[in-house]
Every structure is written in structure tokens, then in C-alpha cells.
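Notes follow the structure.
Chain lettering (A, B, C and D) follows the sequence in which the chains are written, and residue indices restart at 1 in each chain.
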Amino acid sequence: MNLFRNTLAFCLLLTVFYSAGQTRRVIHIPDIEGYSTLKCDFHMHTVFSDGNVWPTVRVTEAWQEGLDAIAITDHIEYRPHSAEVVSDHNKSFEIAEPVAKELGIILVRGTEITRSMPPGHLNALFISDANPIDKKDVFEAIAEAHKQGAFILWNHPGWKAQQPDTTLWWEEHSRLFANKMLQCIEVFNGDEYYPEALGWAMEKKLTPFANTDAHDPIFNAGKPRTMTLVFAKSKDNEGVKEALFSGRTLAFCNNVVAGDEKLLGQLFNASLSFDEKPLNLKMKGRATVFIMNSSDISYELVLAVKGKEFEAPETITLKAGEITPVTLRGVSKEIESLEKLSMKYKVTNMLSGNGKNFEAEFSFTNF
Amino acid sequence: MNLFRNTLAFCLLLTVFYSAGQTRRVIHIPDIEGYSTLKCDFHMHTVFSDGNVWPTVRVTEAWQEGLDAIAITDHIEYRPHSAEVVSDHNKSFEIAEPVAKELGIILVRGTEITRSMPPGHLNALFISDANPIDKKDVFEAIAEAHKQGAFILWNHPGWKAQQPDTTLWWEEHSRLFANKMLQCIEVFNGDEYYPEALGWAMEKKLTPFANTDAHDPIFNAGKPRTMTLVFAKSKDNEGVKEALFSGRTLAFCNNVVAGDEKLLGQLFNASLSFDEKPLNLKMKGRATVFIMNSSDISYELVLAVKGKEFEAPETITLKAGEITPVTLRGVSKEIESLEKLSMKYKVTNMLSGNGKNFEAEFSFTNF
Amino acid sequence: MNLFRNTLAFCLLLTVFYSAGQTRRVIHIPDIEGYSTLKCDFHMHTVFSDGNVWPTVRVTEAWQEGLDAIAITDHIEYRPHSAEVVSDHNKSFEIAEPVAKELGIILVRGTEITRSMPPGHLNALFISDANPIDKKDVFEAIAEAHKQGAFILWNHPGWKAQQPDTTLWWEEHSRLFANKMLQCIEVFNGDEYYPEALGWAMEKKLTPFANTDAHDPIFNAGKPRTMTLVFAKSKDNEGVKEALFSGRTLAFCNNVVAGDEKLLGQLFNASLSFDEKPLNLKMKGRATVFIMNSSDISYELVLAVKGKEFEAPETITLKAGEITPVTLRGVSKEIESLEKLSMKYKVTNMLSGNGKNFEAEFSFTNF
Amino acid sequence: MNLFRNTLAFCLLLTVFYSAGQTRRVIHIPDIEGYSTLKCDFHMHTVFSDGNVWPTVRVTEAWQEGLDAIAITDHIEYRPHSAEVVSDHNKSFEIAEPVAKELGIILVRGTEITRSMPPGHLNALFISDANPIDKKDVFEAIAEAHKQGAFILWNHPGWKAQQPDTTLWWEEHSRLFANKMLQCIEVFNGDEYYPEALGWAMEKKLTPFANTDAHDPIFNAGKPRTMTLVFAKSKDNEGVKEALFSGRTLAFCNNVVAGDEKLLGQLFNASLSFDEKPLNLKMKGRATVFIMNSSDISYELVLAVKGKEFEAPETITLKAGEITPVTLRGVSKEIESLEKLSMKYKVTNMLSGNGKNFEAEFSFTNF
């Protein structure tokens, strides 16, 4: 009987994953100068808190979806399956870790400190042991995470269940921030967007995040899931940690990218390419630039600063993975003496602050 | 603190499922005369055996995918997560049941008796208590299920891990069959097809099944998952049970339907419709019948018995959900005296036995 | 050689269309009480004016896309291919007609009177001969069409090339309207929407239209093309004509439906179905209605008039072809004495006038 | 009125193409060493023979579909629209050329010599004037094309209308071939495959082609259309011509690539990449190589020559644009002394001859 059980276990193991012909999707978001762009999700749950999947699923689905790094962040205080699922707070990480190693996924050890507002829910990443964080007093719990060197983020600050009417920054958050116990804030959680959080992130230099907060299996036919883009010096745990503490992230959700203006510009430029040859645009003539967008992000542009002596389209969509023609028309004799043709577009799906958009300058050689 | 925990639990519950804007897909497979066609999957696992999802996921994903009935069939003997997941053998059913009720999914109580070959793995459905089935001797386990009134199926009879070279029917299966302890056999399991099993099902009047045997979350963008079509007198547990014991099923996997010839014909005919008006086909003339296939099954036809005095296409694909033109051409003077134009097509994706296909007769009014 | 040429012609003919395995897509938009809902496009071009396809393509692509009726409306005055394409104004209809008959597409004879604003471009449908409409004076041309019994529509009234800044109703349109020489207006043309036109249509009882105005081949992977929904007593030329002169249409474009409030309501109701059983909603309880949307139109709802004693979702998307759960929650003791639970939703993608939306009332049996 | 007509023409022109927000798709098929891989289609029709589109449509659809070069090859002898479409044989090229220039599509001047079998239909490419090719005698027509420096291909050699039962090479083809008046043969035409043609291409060093032979508009949602891959020294007319006369092409249709073994190998290798780090595979151990396929071609592999001392999968699908894990398992002690692990796979969708497949060798560093 013993032999049988071993054989069986081995056989079943083989069938589970690889035999299913699973493949890894590639998310096309370019690196920027000096950094690798890692696709990450730092907030998700398993049966070890109130999630509905075994920890290994979080790794295999991240691998299939083309992610580079994840953190499983089971609630410390809320474990509705505890009648059947028995363990300490480190178990979900320990179960997921060998699969992450095999598949080359960076697995960040994390947990979620889950309290009423204020301060609400906070994720602690890069901890060494989740068990001592299980403390009655929330600030003691946070202090313990901080002691372990944690990177701490405020989750879904505008969640209606905790901030039903307005999204407020509480005194408690100021205190945590002052004590370097708050480095980061979710600008997107699942499909939700919190404009105030983006504003605070830009003002206070909090690292902006976008996470799924997945409880159920993640199904994403087609569009990429909500994720944090991390611009890392190396593709490993240390590289992710350094980038997060340095604030080098953009939050990405439903084709919208939010965060620091400079990073937005670098990502935008790295996504696009076109032939540099002179346009030779003349009065009443037209010239077309074919812009290739190699990324999986479609950019939506609205003309912000018109060009001089020529007309350009009022709106442009640079579709993900395709080549879009942009036609300019000369409207005056002066165009024929211009060496450069420039205009600015507001990128409506790139947010550089609460109510602010990134503006992209295009400059084409004319003669 | 107690109050907070309650509030929190309620809030989280709300967010999990409905707030995600989940919808239920509709699988278009028509009813046949006298029966509702139920879409069913009677073989799947959860964290309570070697699966990787919480039992409720099996219900919600079935609901989303348009299924009517499922059975969760966790292994009795193989529970690799038992260090953390502690329970008796009825727990996964008990957890799933309230969600099934809310979503209107018929949840059949079942379990998997999991042994080396012979007799291999067997699912027992419609049991009343899985715990007493946990017996050392496999035939005692089966006898217990039988005593509870179980409908018993042989799972993946051609699984390479147990029958690596040939798919054999063992003496043990004959014994179970003779004692009315084996009513059914999987013709499809996951993406696998066992032709011998279809042969045995037709010879011995075993109910043919197709199940996913899912361990991981089910992702099905586009095509419907592997399922058993059950032709039931009523849309409830009793209706499913009566249909299974009466052998009224077809096995459906990757656009292939397998089972009894008569049921195949009823399903085929119920899927198709066309205008009945006379074709008036004459010598050297042509007439087109527009055939609407309202089902989600694309039918692949190859001409088997040619029509008299007219030509019809050698091959036809009746695409799921679309209208296909079929053009006939008169080739002799005699065509003009024929009242009916008939021909037969082999339906290559309808299997009526090991190596046998359903043949469909078309008959159109000419004059 | 003669024989060869004949044989060749025959062979080529066979290959062109049917052998390509082309099928007809089904657009799921339900009939309303007393009328068949026909999917129609009454504005498109061929090489016989400034279009880029042979007239038969307009028929075969309409057939493939699931349309019931079309009009080819080549410009009288604008024929840039005339150096190579030589014919009178009836030719494109005559070429398309036999293919339309074979495929069962209703082909309306039409033309486009193409002038500067005012009165701009006008389509004349159900004419008998396009040639006499080729007159120097636009009003003589329109009068000739009118004499032939034409149904006349004002095309793309807000087209930027003719009305760059504002969309105006000119004195000339008033004159035509007064003389019964203007029955209809395009509310949608291609992807463009003219809110003013919808306002005029509702005020003046002009039949609202949505047409593609296609010049190039029509590619529509996935979403249905821009079309006019015609509610006809019979599926033929006469049925279409009677419906148009009676104003029984809705304009449909990019999942937005525009027109008469009553027709919008009939279409909305015919699209939806749900189980009528009592909800038995009690205080603090919840009840879910599963709403099936059988149409290809996804309806976007925003709560307009709240229910009494219960809460309903602020927003609902009833996805095309799927089942959406709508959960109600009882908030007071009084709910338990209510026989009916009612609330109203604004349907944001159903326009009943310039700046107005259709409002749908739901009423569910409680006890 | 004159002014109006001009203004109108200008306005209409603007609306036709760019305003439709059309974009160019990117086909991911990698360059091979020393050559650019151009995606080409050298056989298609317009209204100037028996096609159903204006010549400019062939250019704009090729641009949208990501092609680099096309030839419009209207029939000399078969012009069923000639009652309305009046022109010489050069017109379709002349109309298409300015649009091709604007969009950067290489437009090869060609025509189709269209006769009964033998010799059947032949395309002549890179001609200078199609008119003199309109000769009664087919061999005189071919000689004229040859005199102009034409590259000549035999179209659809297995077309049922001309070779209903067997696909034969006729004496006439031998004569043309001997006189250097036949350089090329279609291995694929539309969706059809001619195995004999591939055999002849490999034996006789005929350049293998795959063309659409499109008559109607080309709709290709998703999969790339049938095309000839041309390995060119430069991305221009001269580069294409040199490559064709040198035989550097592969025929590509429905995910199957056919042609010279060496080119197949270069394309296969250029499509794939994986981490080169040592596998360190030991007895009873396993190691996984993650193979990235950057091309739009999914490769189907079947194990042909097993590895020594290790097991590899019997079948592998390297899905287009995704990363596929390939797991090896050590089966003996000797594996631990092997520096390289090698095995061969038959690539079932790469044809190197009639009934022959390309075989790919994989070699991984072990220690």
C-alpha cells in the first residue's frame, strides 16, 4: 500500500501542471534606461486567510500571466477558513516558495495587517516572520513589521467599506509616515482607482502601487491584470526591494498608468519608435509618420500644444502592438523653413497626479 | 474588537463575488424532445484532496461557465494537503452546498475511491455519507457506496499512469458490473479520449461521461469545458439521478460528442433549422439551403451516401451559431421529377462507438 | 477557345464565394410585439461612385454580417473612378440584385444626391430610376426622387466637412420637410453621432437612421456594424418601406441605441428575461434576480429611482448574451409587507432624445 | 459648382482612410542572418479582372495586415467586368502605385496569363508593360514576359478545375523550365496545399510560393493570411527580385511553413530563445528549459531522436508569442557525466519536401 501511494503521488504530480500544456504569456512593457521593468502584484490571498486558492495557484497563475514578482499577503487577523485550514502565518509563503523557485517567479514574503480605519489595511513586504506581527495593538504590529525591515503600504485607501463617503488621510497615517512606517500606497486595487491616493503619493513621495487583491482565481483572457511596474536594477528579490524603497514604480490598471512624470515619460518613449527620416513637409502638403507602439499599452492622445505652421490630428490612439499613421499638413509658407516640427499631446491614460496627465512632446525632423 | 471583526467579515463577503461584476455565460446546446439538456461535470477536486481551490470555487466557476450540475469528488485515500487541511470526507460538499443553492447549481454529493489498477479510480455519486466509504479494502468501499445507492463510474480508464500500454477491461470490472456496482465510464477525462471506453459503454450499456477532473482553477476563454450532457426530465438532483441511471447522456469534449446513436441524432436535429420551401432544383440548375446551427457545437460533415441526380458538397462545416449555405446542383433530367432530395453525411465529430460515426440524413423537398 | 473561356468562367465563379466556406453570422436582436426586427444599412458606396468595392461585395458582406436589408447609394454627382468605370446611375443596383436574390438580402434601390450645404447630402430610397435624378438643380433632383415615391434622408447632418463648427438645421431643410421631401435623418453615420439630429428626429417625427456610409470593405471582427433596426410587418421590400415611412426604426451604433422611447422600451424588454418566482425579501435579507440578456446589446444601467425599503445596485451592466445577478437587500421591517419591489434605472446606452436617456422600470414580485 | 466639386473631393478623400483610425498590424516573423524577412503576397485580383475591389484596396489591406510587398496580378484573358470597367492591362498597377508609395508597400508589377491546362495559369512578376503580353498564343505571351525580364510562376498547379484527379507536371512545363521561363511554383494558393508542387520545387530548385489569389476583400481577424516569406538583402523592389530569382523564400499558410530545409532551420532558430545556463540534470532529477517563441508561428514538435540517459516530452507545442516549459528527466547515473543533452524533434508544421518534415536538433548544456 505504501508503494502504491508513492507511485500515485508521483503520477498525480506529473499530471497537474506541466502535462496540461500550460504556457507563459509575455507582457510587452519595455525596459527603461538603466532598469528592467518587472511586472508585479504585491497583494493577494489564499485559503490561509479569506482567499479561495491554494498558495501554489498564486505562483502558477502569475507565471502563466507573465508576471515577474508577487507577494502573497494573507490577513493576520481574518482567517474565516480556520476551522479547516490550520497553520501559522508563514505557511502560505512556505508552500508557494518551491514552486516559485522552479518557475523563476520572485516571491516576496508579506502579510496583511487588517484593521478598522484608521489606519485600515496595511501590507508589510520583505518581512522575515509573519507570526510575531500577530499582535493585538495595530501600532505594535506595524512596529514589529518595521523592525523586520518591512516595506509598508496602505491598501485600498478609498475602499467604500472603510471610507464610504470621502477618502481621508488620517492623523494615524501622518504618524506612521513620520516614523518611516509607511512607504507606499495603493493607487489602484482590483478595478478601483483612488485619485486622492495618487495625489498623496506624488506629494509625499510614497511609492505608487496597483495590486489585484485577488481572493478568487484570476481569469484574464486578453487584457493584462492590474499590476505594479517596478523599475529594478536586478531581476531578483533584492532588486525589487531596492526599487520599491527608491519609489521607482508605476501603477498599471485597465490600460491606465499612474505615477511619477519622469518615469511615465521614459516608459512612453521606450514604447514608441518611428523612422527618423526628414518629413519635407511643405505648404498644403502632407507627411505621415508611422509610429510603432511595441508595448501592450494603448496610448490615448489629445492635442495640447499645437504645432507651428502645420496641423496635426486632434486625437490619436496609438494602439498596443500596432503601427499608427500620424499625418501632418502644412498650412503656411513658413513651414518650409522649419527644421523641426513639434507639438504636445496630453496622454489621457497616463496620470501624473490627482487630475493631472502626462504631456508628451513629439519632435520630427522636417528638413 | 468583536464588532469590528463581524463588520469586516460582512464587508469582505460582499466584495468577493457579486461586486466583481461576474456574469453567467450561456452554453447553447438545445433540449431534445421530452428532456432538458443539462450541462454537467461530475469529477473535480478541491484542497480537501489534491485540488488547489476552495470548494466554493467549483460552484462559482461552474455557474460562470454556464453549467447546471456538478459533483465535487475529492479522493478518499489521497489527501496531500492534510497537514494543513483538516476535516472529514464530507466537508467539501458541506462548504459548497450553500453557494450552490444561492446560485441554482445542482450539487451532487460524491467522492472518488482511488486505488491502483484494477479497479483503478472510481467516482461514487449520489452518496449520503462519504466517511464510511473510507475502507481499507477497495471492494468493501465500493459495496458501502453501493449500499448508499451510489451511481458508480470508472474514471479515466485509459490513463497512462495506470494503463500505460493498453486500455484493458479487467476481471474486477466484470465482477463490479455483474453486481450492479458499475453503471458508467468516462469516455473523456480532461482533454483525453478513450476509444475503448466508448466501445464498452455502447456494448454494455454503461452511461458515457466526460468530466474535467479539474485540480486547478478552470480557465476557459472561448470554448466550453469538457462536460457530460444529461437529458433530464427535471432540472434538479432527482432529474439528474434518474437520467444517469437510465443512461441518457452524451459525452462532450473539444467539440466532439460521443454516445448513443439515437441521442446523437436528436441533438443534431435539434441544433439545426432551415427554410422548408421547395428547392425546385432542375438539371444544370443549383439551389441553396441555408442551414442555421443554433448550438455551440460546430458539426463537421463528410458526404457518405450521395444524392440521386444531384451533386452536394463533399464536406460541410456547420459552424456553431452561424448559417451555412449548402448548394445542390442538378446533374440529370430525372432530378426534375424527384419530390425529395436526400443524401447522408458522416458527422466526423459525433462518435457512436469505437471507430464509428453518427450518420445524418438530410431530406429536402424538391417540388 | 470559346469553350475554354466558358469553362473557365464557370470554374472561377464556383471558387469565388461559396467554396470559401463563408457563413452568415447571426445578430441577436429580438423581434418586438407585432414586428420583425430587421438589421439594415441604407447608405454605402461602390466603385460606381467613390467606393472601393464591386456592388456584389456590398451584398455578400451584408449577408455574412447578418443584415437583412441594404441600399447601395452611389453618389449621382461624384464619380472619381469614371475614367475607368463607365455606366449610368442604375448599374450598381443591377449588378447587385441577382446576388441579393440568391442570398435573400432585401436590396432597396437608392442613390445619393450630393451637394454642398445646404441642403448637403441626401439619400433617396425606393426610387425606380436613378438616372433622371441627375439634375443640375438640387431641388429639381429631390423633386424627381420625390415624384418616384422616394423616402428621403439627410445624411451625416453634423459632418465636419460641411458643418465644421455647429450642426444647423437650415431653411432649406424646413422647406423640404414642409413639402414632404424629407422623412428621415442620420443620427449615426459610421462611428459619428449627431445629438442635434436625434433631437430633430424626435421633435419633427423624422425616422432616425444609423448607416455605415461604407466606402471600403467592411471588416467587423466581433462587434456588429452600425445599422438601422427596422420594425417591419413583413420581411420584404414592402415591409421595410412601410416601416420607414411609419417611422418604426431605432438607430444602433457601437452598442448605443437611439430613437423613440416606446420602441426603446419594447426592445429592452424583449431582450431580457428572468424567473418570476417571489423573492421573499426580508429585512436584512438579500435576494438575487438572475437577468438573462438574450440580445447582442449590453445594457448599462444607473439607478434613477430607488426602491422602497430595499437597496439595489447603483450600477448594473447587463452583458450581451449573458446572465447577470442583481442582488437586492431589505433595509427595513416594512419590506416584509410589500408585494412588489420596484425601481427605475436610466439606461445610459439608450438615447431617447438629445441629452435624454430611456428609463427602465423593474418590478419584481416579493410575496 | 466647380469649386464645390473640388472641395468635396478633398473632404471625401480625407475621410476615406486615415480618419477611420486604421492601424497597421505587426506580423512577428524574425529576420534570419544576413536577410530581412519580408511578408509578401504575389497573386491577387481587382475589378480590372475578376476581382471585386478597387486596386487601392489591395494596398491598404496589405498595409493593415502587416505585409511588406504585394503584386496585383489581374488576368490578361479573363475580364468579366469589362462592360463597365474599361482600361488597358496596366491600369490596376497605375492606380495602386501612389497609395503603395505613401504607405511604404513594395508594389511589384505583375499580371496573370490565364489559359487551360497545360500550361494553366502563370503569373509574370517584375514586368515592365502588361499590354504586349496580351497575345493569342500562350507561349508567345510567356516569351514576351520573359523578354521583359519576368519572374514566372505556375499558379495553383493542383487546382481541381484544371487537374481534377491528379496533379501532373506536363511536358509544356518542362519546356518552359528548360528555357528559363518558369522559376517558381505555388505550393499554397488560398487555403489549398499541393504536396507535389513542394516536391517539384525542392527537386528542380523552383522558388516555393504561397499566395492568397484573393478576389474578394481579405478579412483576417486573428491569424495571418497566406503569404510568401522572402529573405531579402534590401527592403525594396530590387531586394525582392534578387531574393526571388535566388530562391530565398518559404511558403507560409495556416501556420505551416514549407520550403528549403536550411531556410526552415534558420527561421526556426531565429524564432526561439532560452536561457543558456547549465541544467545540472541528475539521475531521477528533472530540469526545465523555458523556451520563448517570439514568432507568430506555433511550432508543433514530435520527438524523433530520443536523448541519451534522459527523457524528454514526446510532443511539444511551442505556442506563438509565448514561453513553453520543456522538462527533462534523468533516467540513469550516466547523465551526470554528460556535458551536453541533445535530442531531435520533427517539426510537423515545417515541410521540407513532399511528405518530409524539418527536424530540429536541441542541444542544452548540462554541466
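One rule holds for everything that comes next: a residue touches a chain if its C-beta (ideal position, glycine included) is under 8 Å from a C-beta of that chain, and two chains touch if they have at least 3 such contacts.
Treat the numbers as computed from the prediction; the structure is a model and nothing was measured.
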| item | value |
| --- | --- |
| Rounded Å distance, chain A centre to chain D centre (Cα mean) | 40 |
| Junction residues of chain D - those touching two or more other chains | none |
| Graph class of chain-chain contacts, one of line, ring, star, complete, other | ring |
| Chains that touch, pairwise | A-B, A-D, B-C, C-D |
| Residue numbers on chain A that touch chain D, as the complex places them | 18, 21-26, 102-104, 288, 290, 292, 317, 319, 321-325, 327 |
| Complex interface listing, chain A residues touching chain B | 4-5, 7-9, 11-12, 14-17, 20, 47-48, 50-54, 56-57, 60-61, 77-78, 80-81, 84-87, 91, 95, 114-116, 161-162, 190, 215-217, 219, 221-222 |
